[in-house]
Every structure is written in C-alpha cells, then in structure tokens.
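I have a structure here, written as structure tokens, and I will follow up with some questions on it.
Read from first to last, the chains carry the letters A, B, C, D, E, F, G and H; within each, the first residue is number 1.
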Amino acid sequence: MDRSDVREVLEDVAGGRMSVDDAIDRLKLIPFEDLGFAKVDHHRSIRQGVPEVVYGAGKTVEQIVAIAESMLNQGSGSVLVTRITEDVASEISRSLPIEYDSSSRIGVVGSIPGHEGVGKIVVVSAGTSDIPVAEEAAVTAEFLGSKVTRIYDAGVAGIHRLLAHSEDLLSARVVVAVAGMEGALPSVIGGLVECPVIAVPTSVGYGASFGGLSALLTMLNSCASGISVVNIDNGFGAGFLADRINRMESP
Amino acid sequence: MDRSDVREVLEDVAGGRMSVDDAIDRLKLIPFEDLGFAKVDHHRSIRQGVPEVVYGAGKTVEQIVAIAESMLNQGSGSVLVTRITEDVASEISRSLPIEYDSSSRIGVVGSIPGHEGVGKIVVVSAGTSDIPVAEEAAVTAEFLGSKVTRIYDAGVAGIHRLLAHSEDLLSARVVVAVAGMEGALPSVIGGLVECPVIAVPTSVGYGASFGGLSALLTMLNSCASGISVVNIDNGFGAGFLADRINRMESP
Amino acid sequence: MDRSDVREVLEDVAGGRMSVDDAIDRLKLIPFEDLGFAKVDHHRSIRQGVPEVVYGAGKTVEQIVAIAESMLNQGSGSVLVTRITEDVASEISRSLPIEYDSSSRIGVVGSIPGHEGVGKIVVVSAGTSDIPVAEEAAVTAEFLGSKVTRIYDAGVAGIHRLLAHSEDLLSARVVVAVAGMEGALPSVIGGLVECPVIAVPTSVGYGASFGGLSALLTMLNSCASGISVVNIDNGFGAGFLADRINRMESP
Amino acid sequence: MDRSDVREVLEDVAGGRMSVDDAIDRLKLIPFEDLGFAKVDHHRSIRQGVPEVVYGAGKTVEQIVAIAESMLNQGSGSVLVTRITEDVASEISRSLPIEYDSSSRIGVVGSIPGHEGVGKIVVVSAGTSDIPVAEEAAVTAEFLGSKVTRIYDAGVAGIHRLLAHSEDLLSARVVVAVAGMEGALPSVIGGLVECPVIAVPTSVGYGASFGGLSALLTMLNSCASGISVVNIDNGFGAGFLADRINRMESP
Amino acid sequence: MDRSDVREVLEDVAGGRMSVDDAIDRLKLIPFEDLGFAKVDHHRSIRQGVPEVVYGAGKTVEQIVAIAESMLNQGSGSVLVTRITEDVASEISRSLPIEYDSSSRIGVVGSIPGHEGVGKIVVVSAGTSDIPVAEEAAVTAEFLGSKVTRIYDAGVAGIHRLLAHSEDLLSARVVVAVAGMEGALPSVIGGLVECPVIAVPTSVGYGASFGGLSALLTMLNSCASGISVVNIDNGFGAGFLADRINRMESP
Amino acid sequence: MDRSDVREVLEDVAGGRMSVDDAIDRLKLIPFEDLGFAKVDHHRSIRQGVPEVVYGAGKTVEQIVAIAESMLNQGSGSVLVTRITEDVASEISRSLPIEYDSSSRIGVVGSIPGHEGVGKIVVVSAGTSDIPVAEEAAVTAEFLGSKVTRIYDAGVAGIHRLLAHSEDLLSARVVVAVAGMEGALPSVIGGLVECPVIAVPTSVGYGASFGGLSALLTMLNSCASGISVVNIDNGFGAGFLADRINRMESP
Amino acid sequence: MDRSDVREVLEDVAGGRMSVDDAIDRLKLIPFEDLGFAKVDHHRSIRQGVPEVVYGAGKTVEQIVAIAESMLNQGSGSVLVTRITEDVASEISRSLPIEYDSSSRIGVVGSIPGHEGVGKIVVVSAGTSDIPVAEEAAVTAEFLGSKVTRIYDAGVAGIHRLLAHSEDLLSARVVVAVAGMEGALPSVIGGLVECPVIAVPTSVGYGASFGGLSALLTMLNSCASGISVVNIDNGFGAGFLADRINRMESP
Amino acid sequence: MDRSDVREVLEDVAGGRMSVDDAIDRLKLIPFEDLGFAKVDHHRSIRQGVPEVVYGAGKTVEQIVAIAESMLNQGSGSVLVTRITEDVASEISRSLPIEYDSSSRIGVVGSIPGHEGVGKIVVVSAGTSDIPVAEEAAVTAEFLGSKVTRIYDAGVAGIHRLLAHSEDLLSARVVVAVAGMEGALPSVIGGLVECPVIAVPTSVGYGASFGGLSALLTMLNSCASGISVVNIDNGFGAGFLADRINRMESP
C-alpha cells in the first residue's frame, strides 16, 4: 500500500464507497513511509540536486557504482565517495566520471558543485599523519558548500605554531580540530575561540595510543567548553556537522 | 610587567628615553596575557554582565562562595553553579543569594537574566533516571539565553513516544539527546532531523553499561550524520554548546 | 490531533466538507501513535488486566507509587516492582497494598494473578550468591504465567549435582542459567538440553570477575548452540523472555 | 567397559555368577556415556537423518572433509559447513558434493532438506556490511526447517525504512536483529514487537566500534524487554536459536 | 531413585524377578550421583574427619552457621571459614565454637587438626598490605596439613631483602608469591627456585593498579618458568593448591 | 673478578698477604654470580646432559642456531625449540640435526632423551583448534621426562565426552586443561579430580573472545579448587610446570 | 650467618684454622645482604640523618608510628608520612611530634630539615582539584632539599594563564606537571621548556576520565620530547624524582 | 606582521609618526611567534649545528627527505631519522647521505657528531626481542652527546645476570630500563640504584601482554622510587630524556 492507496481510501470515503470505520482500519495498515510522513518526502523534495555521500570503505567497486548510479538517477547532481583508494577510484572511473583527491581519499562522481563556499570553517590538525582525516573533513565541508581554511601541523607540543594562527581561529564560525596521539589540540583551541569546536580523534600513534582511544578520551574529557567529539578518524562526520553549523541562519 | 608597562615602554620610546632595540628587548619579556592579547581582554570587555559558570562538584562551599564572589566583583551579573546538592546550595545561601533547582542540581547566584530565550533547542531524554543530566543541559541553555523545549521519557524501546514529537524535533535548531543504558536515542533522532544533534551519554544503567561507557560508544558509532558527543553525564557541556550553536547568526 | 481527529477528518471527507488533497495534508501531521498504529493501541486493548512491571532501582518511593497507581488506573490488575529493598516495599505499603518477596527483591502491587502456570521453565543457578538474580527470573516468569522449576547451587565445579537433575533439565521448554564467577553453567547445560537456554551473568565474584564481565564473556563465547545472553544481573529480562518463549504456540 | 559390559555384569548377576555387591563395584567404573545415559544415545536415535553443522573457520579442507564424511556415515542426511570461502568450498567439492552460498559463506554437503519451512523468522540487518552475518543466520534457520523473511538495510538512523516493514515484524514468531556500529536496531525492534528478539552484534565499523564491542554493549543494555544477545558475528548461533524457538509447540 | 534402588534392581535381577533388559532400562534413569559414581562417594568415604572449607564473604551469619553445622554433622572434624570479619566470627561463636585469626580473616569451627605439617611451603609477600592475602594462603595450607614458612615484606624494589632468604626459598617444595602493585615478585622468585611457584596478585595499590589487574597481568606474563597464577586476592586458592602439590608422593 | 679471584683473595688471606679487613672490602665488589651463588652453579652442575629450551617465536634462524649450539657446547644433550614453523625447522636443519613435530610446532635439536616417562600427566583440550597448544604442553612434558595421556575434543558443551574419560582423569597426577572460547573446561575438571589442574587459555575464538581474554578470565574465576592459570597459549609453560609437579617426590 | 661471620671465616682462614676450599663453601651460603653488598650498607652509612618516607594510606596509626619510630631509632632525623588525613596525623601526634600539612596530606615526624632548597623545580597544576597531588609533589621535593615554585590553575583550556608564567617555566631545572581530566598540560609545557618534565595524571574528573586513565594515556602519548610519566595521583613519586634530577651535579 | 613590523611600529613611535595608543592597538595583533617570544627564537639561535630528529614511521621517503633537507638548510649539522627499515634508508640514500644502524632502526643524515659522550647512561634490556627498542634509546642518547653503557638480556627471571652488573648500574647517572612481557626490570633496578630510572615498556610478548599494556602497567605501579615511564616502544623518548638528565649541570 503506497501513497496512492491513501488517496484511494480517501476517495472511496468521499464517494461514500467506504465507511469511516473501515477507512480507519485500512489506514492503520499503511506503512509509515508511504504516508509521506514528515522527514522522508520533505527531504526528497528538498534534496533534488543536492550531493549525496557514499561511505566507500568495505564496499566493492560494483556496490559503489550501483549506489552512486541510483543516487544520480534519483536526481542528485553529484555523489561524494569517501574512504577509497586511488585504485578503487580508477576502477570506478570505468563506469562513472570521478574526480579523486588522494589527500582526503575522497572521490566525487558527477558534476561538482561550483559554489565558492559560505561562512568560515577552520580545520586544524596536529601532525602530518593526521592530514588525511583533516582533509576528509575539509573536502566534505567544501563539497557541501562551506568555505574552509586549513591550519596543519599545529600540535600542542609547539603551541606557538598554533598561536601564530590566532586571527584565523578567532574569525572561524566553526573549528574542526583533528589530532591523534595525545589529542590535546581541541582543548587548547577550545580555550582560545568562542565558536563551536568539533574534535576528531585519529588512530595515528603507537603503543598506548590504542588505535585512537587515548585521543578520544582526551577530547571527551576536555575542560574547555564548546567542544564535542565524533568517532575516531571520522573526518567526514566532522566536516558534515561543521557545514551544518556553519550554514545556520540567525534565529 | 603588565599592560601599563607596555604603555610605559612605548611612551619612553616616544619620548626618546629608550632606543628601539631596547624596547624590542623589553617587549619580549612581557607576559602573553598582559599584551591584551586576543581573547583574554576582548573577552572581558564583552563579558561584562554576562553570567559565569562554576563546576560545583568536588569543591567546598567556601571555594564556591569565593569564586562566585570574585566573579560578581568582576562584573558578572549572575553565576551558574552546577552539580551541587540542596544542602550545598543551602549553605551557600548563608553568604550569597542563590536560587536552587533540584531537578538540574544547578544553583544561580545573583540576579537571573530575564530573557525569554531565542531560537529553539530541544532536549530529549530516554529514561526517567536521565532527567537530571537532561535538566542540567536545559537549564544551562536557558540561563545562557536559549529557548528550550523538553521531551522526556522517549527512549527508542518505545519509538512511538519519540515519533509523537516529530513536529518539535523537526522545528529544532539544535537537539540535545540524553540517554544511558544502550544510548541509541541520538542515532534515531539523527535520522529524523537535519539540525545538529549533541549526544550526552549518562552513567545510568547497571551491569554491562559500565558507568556510561556503553552509551558513549553507541553514540560515537552512530550511523546518522550530524551527531557529536560530549563526556558522560556532561549536561552542562551539551547545554553550553547547544546555546552557542542555537544563537549563531547567518554567515 | 488524536484518533478522534482522524475520525473527524474522515467524516469531513465523507460529508464533502474537506477535499481529498486537504485530507492528505492533514493526515501527514498526525502523530504516529494517534493513528492507532500497530503495537501501541493493540497493545493496550490486549493488556487490560495484564500485570505491568516497574524497574524499582534508582526510583524514589514516590515515583514508584505514582507509576504503579497510574498503571492500575489504566486497568492493570497488578504491578510487579523489581529491585526494591524490604524498606522500600514497606514504605510503598503505606500507599498501596504490596506483597514483598525478599529472595527475589520483587514486590507485587494489587491483586496477584492466581494462575497455576503453563509449560515448564527451569531456572538453574550456580552459587548461593546467585540466588537473588535467579529468583528475580523465576518470580517474574511465574508472575507472567509460566510454571517454574528451580535447581540451585549446581555449579560446574560439582558437575554431578547438575547431572542429578537431568530429568528436570531434559523436560524443560526453556532453561534460565544464572551464574557469576566463571559463568560456565550455561555452556554445560547447553550441551545437555535441546531447548533454548537464556544465560544470565551475575556480578557475584571478586578479583578478575570484574563485576560480572568474566561471566558475561564466558557466556557469549559458549561453544554450545541454543544459548543467548542478557545483561549482567538481569534476572527480570531473562524471566520475561523465558515466559515469552515458554508460552509460544505451535507454528 | 561399554554397554555390552553392563549387560554382561547383569547376566552374571542373573546367573548367580556375581554377587550384588561386586556388581555395584563394577558398575561404579562404567563410563558415563556407555550407560546409554540420558541425552547421548537418545540424541543419536533422534538425530538420524537430521543435518549436522561444522564450523569451518580455522579448519583445513582435510579436516572439514573428514568431519563431514564421518557425520554422513553416521546417518546425517546433510552437513552445513559455516564460515568458508568460495575457494575452500571449491576444494571440498573435489571430495564431497557441496553447494556453496557466497552471501552467507555457508556450504551444504549432501542432500539438502527439501522442506518449505514452518513458522516465520524475520531477519533484520542494519547496514549493507552486516548482510553476511544476517545471511548466515537466515540460511541456517532455513536449512533447519524454518521459513525466513529478510529485511535488510534498515538501520535506526533511517527509522522509517524499518517502520515500513511493521507488518512483517508484527507477524514474526522470532526476530533476529543484526547490527554493527552503534547496534541500536534490536532495541527499536524490541519496542515494536512482542515476540523474542535475538540480537547479533557484528564487527562492522571503525574507530570506537572496537571490533563489535560497541554494538555488543548496546544490545546487552537494551531497555526493551524480550531481547537476548549472541556473540559478535555469530549469525549461525542466532539462526540456530531462532529455529529452535520458532518451531516450539504449544505447551 | 538412589543407591539402594540400584541394589534393589540388582537383587531383583539376581532373584530372577527382573530381566536383564528391563534392568538396563531402569539403570539408564538412575541419576549420576546416585550410582555412587566416581568421585562423589569415594570422596565422601575418604573425607570423613577431614576439614571442609566455607567461603564466608557475602554470606550471612545464619548461612555460615547452617553450612558449617551440616558439614560437621556429615562427619567433618572441623570447618575453615574464610573472609570473615572479627564481628562475624564473634556472632558465629554464639552458635558454634570458633577460633578466629584476624591476620588471615579465617575462622576455624570445631576441633582443629593437631598435625605438625609436612613438607615445606614458603609464602612470600611483597608489601605490608599484602599480608592478609598471604596469611589466608599460609593459614589454609597449615590447616590442611602443610608446614609453612613466611617471608614477608620482600618486594622486588629491595631485592636484597628477598635474596637474604635464599636458603628458605631454595629448600621450599612450593612457593606462594603474593604481591600487589607491580606484581613482579613471582618472576624474580621463579628465576631463583626450581620448585613450582603459585603467584597471587592482590588488589593492593592505587591509580593504574586497577584493583589488581596490573599485578595479575605481570604474573601471567612472567618470563620465568614454573609459575602459575590464581585470581586476584585468592589466598585460599593458592594455599589449597600449594598444599596439594606439597603433599604429593613420589610417582 | 670471578670465582678464581675469590680463591685468590682467600689464599692471600691464608698466606698472610692480605688483612681480613682488606679481604672484606675486596669481597664486597665480587659480582653475585661469580661467588658461585645459590642457583646458578648448582644449576649448571645438575643440568649437565639435561635438555634446554629456546622460545623460537620472533627469533631468526641464525639466532636460534647460535643459541642452540651454545647450549649444546655447554653440555646439554638436546634442545627443545618451541613455536617454530616447519620452514624454520627446515632451515635450522641445514646447520643442526632437528626433529620437527608439526602438531606442537616444536623442534628437538640433538639427541632426544630416550626415557619412557614417569607418573601421569593428562592433557585435555576442548576444541580441535586448541590442539596445537595442548600438544605444546604434552610434547614439552614428555620431553622433560613425564608420561602423558591426551584427551582431546572434550569441551564442556558435550560433557559426556569428558566424563567418558573419568578413569584417566581420576588417575592423573596433574591435569593440563586447554581451552579457548568460553574456557570452562578447567572448572569442570577441577570439580572432578583431586590433583592439581593447570589451566591454559587459548586465543582460539572470535568476537567477544578477545584473543583469549574471555577464556583467561573464566579460568581465573573458577569456583573449583586446585586450579591455577598460565598465560594465553602458553602450552610450554603448562607442560613445564606439569612436569615439575608430576615428578615431585614424597615430602 | 651475618657479616661478623664473614670476618670469622676470614680470620679462620688467616689463622690457618680453615682451608681455602672450605671457606669458599662457607661463603656460598652467606646471605646477600650480610656481605655488606653494594647498595645496602653504603646506603645506610650515607643515609644517617637523611629523612625517610612512609606511605601512610592503608596503614593503621599503630603501623605508621611503629615504622616511624624504627626509622628515627636507626638515625633518620625526620620522617615524611604521605597520604594521611588530619585525623590520622592527630592520632599520631599522641605518640610522636608531627607537623601536618593539609593541602598535601603530608605529615612530618621529627625535626624538619632547615635547608633553603637548591635549584628550581616548578610544579604546575591544571585545576583546583589537582592541587592536593601537586602539593604532595611540591612538599616532598622541598622536604628533600629542592627549591619549588608553584603555578596552579593553569590548564590548557586557558593557555594564556600558562604562558603568563613563561619566565618561571623557562628557568626551571625540572617541571612537574599535574593534571586530571584531559591531561594535556605536560604536552604543552613539554613544547615550551627544554628541561625534563615529569607528568602526573590525577584521578580528578568524571565520566570517561575513568579514574585518571584518560589523563594517563594522554601523557604517555605526548608528542613533546623530554616527558615521562608516573602513576595516577603519585605526587610523591614525582616530587622524589624531580628532587633527584634537580640536584644532579655536572657530569 | 613579523618582527620587522614590531621594529617599524616602534620606530614610528620614536619618530612621532604614531601615537602610543595606536601602537598598543597595532601590537595586539602581532602573532605570538613574531615577537621573538620566549622559546622559539632563543631556541633557534642555540640550536645552530645541533642535530634534529625525524620520526620516520608512517612517513614516505619523499616526506622524510624533504623534512631532513629543510632541517639541514636551516643549519642542522645532522638529522636523526628513527623507525625506518633498511629499505627506506637505502631509498633515502639516493637523495641524501645516510648511515643506517639496523639494530636501532635509526639512520643518521649528514655529518655525524664526533663527540665521545659525557656522563654515563646505562641502558638495560630484559630480553633479546627488546633490543631494538633499547638500541633506539642508546643510539639516540649517544647521538645527542651522552656516553652509553649497554646491559642486555638481563631480565628479572635471572636476577643474577642483572646483579652481575651492579658496578655499572651503581655508577650510572641515568638508567634506561627496557622490558616487555612482565616488565618488572625497572622495579628491581629502581631498588638497586639511586639515580633516575626511565622505564620503557615494549610490545614484546604474547597472550595477556596485550601489546605492551602489561609491561606498561607494571612499570607505572612500581614500588621503587625514582622511576618514570614513557610510551610503549618509545626508545627515542627515553634516550632523549636520559640525555637531558645526564647532561644536567650542578644547580
């Protein structure tokens, strides 16, 4: 039973071919989605032309191509494919036009949005090895329509390098702070800026970094206000959320 | 050496009593803060009249009173004291006027801001036992100037109770989702709304909830986009961040 | 808008006072629950007279009394209150008639179901200290309508004590196996019986039992088939699920 | 000493060639199994013709073939071999006829049971990557005689996709809910249905999913009643238990 | 059906009142234990007069008294009650004669075995706070019939204090090494002696000792051969096992 | 300064060429070992002809050969090399005669001790995958001089298979119980036998077995007396300790 | 056999009453310590008059008094008693003169060393609640002879407060950095100074601070060079080590 | 704005071209670093000719070469590259002269400092497999200017091998103690020496060593004073810190 069924029931009621009681019984069985409930359809109508995202890790090339094609068919202008290697991108390119960015491990299928970006997101990363995750956040946010400034290699063990960027930090609408190892970067930034800070722990490190657990705990325990945390290595999630916040309009 | 020292150095230079080279040497020694650097002073000048916050847990009544008095003396109109018991509030009341809210375990010292609140933050909690943390978030955000709608006792094991509030959720600018035990609430909400969702794990539970660890991990692993997480039981942090995001102006 | 609103909309359609298109728009806004959707109402109509359950731990006497009264008012014949002390039960008894069973830490408010119990659930526990959790499971299942046989103090370190009850085990429709410390009981039982086994780790133990974690892991790793696990100390959950399975009818 | 020894002892007693006291002494030494005790033999007599299962992971092709042949020789009509790759299945096929299903990673050796399946098990999975575990559960249950309905890609971050299948869920006798990452699916389903729910955490995820630990904890802490949990990735265990419960007869 | 039933069956066979086939059928139903199987009875016959042990922690005085009385009634000359406070011992003394040793937290009910002890167990402990666990091991082993030498306060941070006891260590038949904090004692001892070393981690420590986990891991990872480990704080288990090994006779 | 230096000092004292005070001063500087202290030399004198052991994992072929040659040169009749692959053994065979046993992953370099073995160690393992660890224990104990009986594939989920070996278990002087997954085997055996039981957790398993942690915790928490535990997969350690205990002589 | 025995042996050798070979045999048995070996005696002779330390936590007043008296009797001029409450200090004062410092929870028994302190240790702490641990470090170092400068309440979330003390930090010979919660302080300091930094995690925090584990991991993973870590809350250990390093003399 | 800007501002003030107030406003905007603040420049001026260090693991050959060249260009006489394989070193050698030491996995680019080394650092390691980490510490310290003595294969399970080196240990200014498995070495050394001990846990081990966690916890919990700990496998950090402490001059 889909939405046309709802119309049919109502038309039967309008036409006197179905009693109100029978209609109530019929409506109980209508699947949630088909009622055009809330988010779903509204969502779809808004989303025409808006880019979609596919998490590429752990998916075969066939699966990625199939999902991306389906999205494009449903009207998406472009599709962001995250966490893929250059090889995977190259294989995808046999079926679909894709532009691959090796620093963020992101491929863009279809026409790329040509916007200049609004607002200002600052993405800061602590070490060289944190850059792929930072780029995943930055490229995602740019793709979704935000303007992004990058400050890389600014860990807390060289605090002057971070402080040298005070002006950028203080003018940000949102900061994404990416760090592995001790993960202290978001705390220091949280003490400097007044805007929301999204902390991204990375799995960079060795020994007692336990695959990012150390950085994660540090960030969750931050004494600075205005900080929240996403999953280890989740650059996409941070970029997505940063874009959402950055593009908020006045209440 | 404080800011008047900087002026003094500059006046000596202006008056020809100090060479430029000597002035450079002197300036190198000036403490960071005294240069009126960035956030600090700017901060103070902006903050006149704005409420301050004291984390009350683990502080003695004497310490809380001393800190609050110092803040009021520096011009704060009111001070929010979090995580205090009714007894502590009552002891504080001997020294300072304080209004205590037992549901959020928050006391307000001094004149309370009379604003109506702007925007719309929705605070959702899963179980009855999560309410104190939810209230800490809600009262904090209200205190800082946001309008807050509460949806309590809406855990995912009774999904209809949550869905019954779709309208409130869909009209929120920020959602704070508070849950202990399995902590699945933010994921479900994150799939319903398009605004930022701040997830707060609570230490409510028993057995394998491990003091909130289970809920924390669930939230960090959420498949929904637009979710970030604060520390276990950190209602204040969530309310503070929600207020920041809620009151953002258009880019 | 509640269910009478749905009727109203439909009657307006039937009476020609509302177009089909307008009706579709109105129906989109109806809260999930009010459509009489699925479980909720069906649930209520079935549940008249059926006992309800309140998890008592961490609730005040006032809260328990209020919830129980509300349930009784909605037609429940009796209410099971779990995880309460004798003192709490005694305080509740000032407001509501309650029968308290100290071994299971369960109180029953209102008229107790007088059934004899159907089928056969066998509750086995390993040590004397596991009995409260075992009793929580047993009393819950009996309360919900199942017949329960208890085999206590039958840990795997004295396997003959367990084997002496082979006949009871082999004739069970469901077995609830409760154990702390090493938690090996469900594995051994799972190798003896062919019916479903619900394993309940308890927090009984010391040292490396880590509050039930050791028993929990043992049970999850069981090599025997037909075993599933509930949370540490969750006797109620095991008893509830055992009753559900026990009272299944032929497919 | 085997069962014929028991007969011999008894015949000696019957023939007066052995005293009762000596017989008691002899019987004490008889191995448990050889007495035809309880489950074992009874088991065997019942099991003739019933399929057996071999856990294939970590076994060599030689070991799998040997075990399967031995089972077939003892009268099993067919053998289910779980967790094998296509390569292993292909190597096995040199020695034994095997049908391999790549989605569930299961091979069936020997004649496949031709039943249509009884009752109704619903297997729900959250993400695409959870499908192999879900299929392991589904294929196992079908193999053992149950009818299975699959609902895939229905995670809680898109709750409408799950709710769209309310009818299937509400008519299930058992639900197997498979999820990695945040693992919230069983809680939501447990709040919708009244039948037993078997939760299967998967190792799908990254970062703080810790190889399935996050999903496991979520499921153990579920607030919904009627849920129990099996080991991470244990699709076979869930399918086996679901079949047991599904095929229960009225008490 | 108990052992007299077995005799009865056999006598019926002997008297020609029951066929051999019927007897076999009857015997299948006899509970394991009642066959006087293996360990159980043999055990009982040997155990007459031998002391029994009750783990006292988490048991009420009533429970301890009941269990001890039952043991004495079954012929035990004395009962060791471990992990009880002086208060509990004093309450027990109202019902049963008990001698309490506060250093080991052990009480002995009934007549104490008067033996001098055989062989030589050496109990070594690292710190003053480890002594209660060490005494639990020592008193247990003495009670069971072993001769025990104590070397206390001999942690590895003062290796000379341990080496000063080389003669005692080298003449031991078994060493029980008790340590909290870093738990390195058994490794050092294991490198000095050739006899079996039983390592007992204690929960003594703070910070990253995590309630004995640190000491436990150290002991499990010992590079020295001949070491095995019991649970955290399990002095009784170590003393019991040490006595078993100490009293072994030549092969 | 070595032992001949001690003699020299003493001869100087004897010959009046050095005062007693000077001799005391000289002796303070003598390295521990060179005094012929305790274990070391005594050890060596006893060990002539006795096999030595090299832990092969993580060592290069060159390192293994060098160590084994040095041991043989110092008088060892043979050297046990544990945890090596067939390839490593084959490379070693170019330099030294080695006999490799693939089931235990052990190679023996040099002349193998021809003894028949004394006493009786029983090695029990739960699953097929636990056999390499069990064999490491068995082969080690045999190599060191003990007689070993193997009972494999006797996990607790099929308790009758274990009980069928009661006679062997009851006649053992030491039992080595090897198990992965739930690790319950030692508890059940510990309840059946009166001799010492050495429990060996293995890393066999998946999901929540966490590389052997689950089995390790189960074994540490065993309710049965007389059990102690070695490191995960430490078959050598268990076999070594079992041999030590097995060959103890009467006190 | 003690040191006088060594003299005796040597005198017998000198007097011709004992052969050199017999003397060697005798010396083998001399306990390590009695040889006046290395550290022990040397230690004692140096230590006359130097303060000793007693870890007070978990010791009874009687034990503390006994240990302190024994130390004073052996010549210590004063004894530092750490981790004691005011009550314990007051009880000790009945037996021994003690001066108690409530901020560091340290008592000093006997005459206090009157030195001014050499070098410069800077103790920095992040939050108010970290002060007791910081004071334990500071008071310990002062007691042992170092000069200590305190910088409290200088967490990384307010980096300017820390930077305001650059001069003190840059002139330190050793820095002790004390922090709970996120524990990022030592990393920032390690990036500013060139001297050794001793990091002390504290158990201050809530939620995912896990009793200091979060701070501990952060510190171990620090990207800054020159940092090492002591146990959670181990202020004494840090102060002791800082004093050792501070008082090093030129190589 | 850089340092020349500061001069310009001051010259404008001196020349009367800028008011003091305007100058203060300008100075507020000057980036931290450009003021020649504190550590940074001071650092640089001192560091001319001093070797720099690059952490090589996880960096591409291109990245390492680029960083090293940049360092050499800025005046470093040589660059230490840690954690690289022989292959990486060989690839680097195509661009830059590099000397590779396979035991420490360290390469030195550029002219090697020809110093003899001052003071005395003793690096002790427990097992053969710990040597690479120990060598990383030793080579680092030597490179930075310290004299290093190595004591390898001196684990606590053969305490005499360690004690045989008492003289070296007692004459050390700093000891670096490297150990995996049980990690007890630093505790024993800490009890022997009076100088600072830097403990380095290694990831060497299996089973419950959990990648170095066991050794790490042991070292943090050491009862000996004067010990601090660096991250698992962090030989470089230990060598760097040891050099710093070793080269301290008298206060």
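Some points to look at:
Following the convention adopted for this analysis, contacts are C-beta pairs under 8 Å (C-beta built on N, C-alpha and C of every residue); 3 or more make two chains touch, one makes a residue touch a chain.
Just so it is clear, the model here is predicted, and its values are computed rather than measured.
Touching chain B and chain F together: C, D, G, H. Listed here as common contacts of chain E and chain G: F, H.
Per the C-alpha superposition, chain E sits rotated 180 degrees relative to chain F, a value rounded to a multiple of 5. Same interface as E-G, judged by over half of the contact pairs sharing residue numbers, among the pairs C-E, B-D or E-F: C-E. Each chain gets one centre point, the mean of its Cα atoms, and the points for chain D and chain F are 39 Å apart. Rounded to a whole number, the gap between the C-alpha centres of chain D and chain H is 55 angstrom.
Chain centres here are Cα averages; for chain C and chain F they lie 50 Å apart.
Each of residues 32, 37-39, 163, 166, 192, 207-209, 213, 216, 220-222, 225, 231-232 in chain F touches at least two other chains.
Chain pairs that touch, as defined above: A-B, A-C, A-D, A-G, A-H, B-C, B-D, B-G, B-H, C-D, C-E, C-F, D-E, D-F, E-F, E-G, E-H, F-G, F-H, G-H. Within the complex formed with chain F, the residues of chain H that make contact are 128-129, 160-161, 163-167, 204, 206-209. On chain C, the positions that touch chain A within their shared complex are 3, 6-7, 10-11, 13-14, 16, 20, 23-24, 27-28, 32, 35-38.
Contact residues on chain E toward chain C in their complex (touch as defined above): 29, 31-34, 37, 39-40, 57-59, 63, 201, 203, 212-213, 216, 231-234.
For chain F in complex with chain C, the touching residues are 126-127, 155-159, 163, 181-184, 187-188, 190-192, 205, 207-210, 213-215, 217-225. Touching chain B in their complex are the following residues of chain A: 37-39, 43, 53, 118-120, 166, 170, 173, 192-196, 198, 216, 220-222, 225-232, 237-238, 240-241, 244-251.
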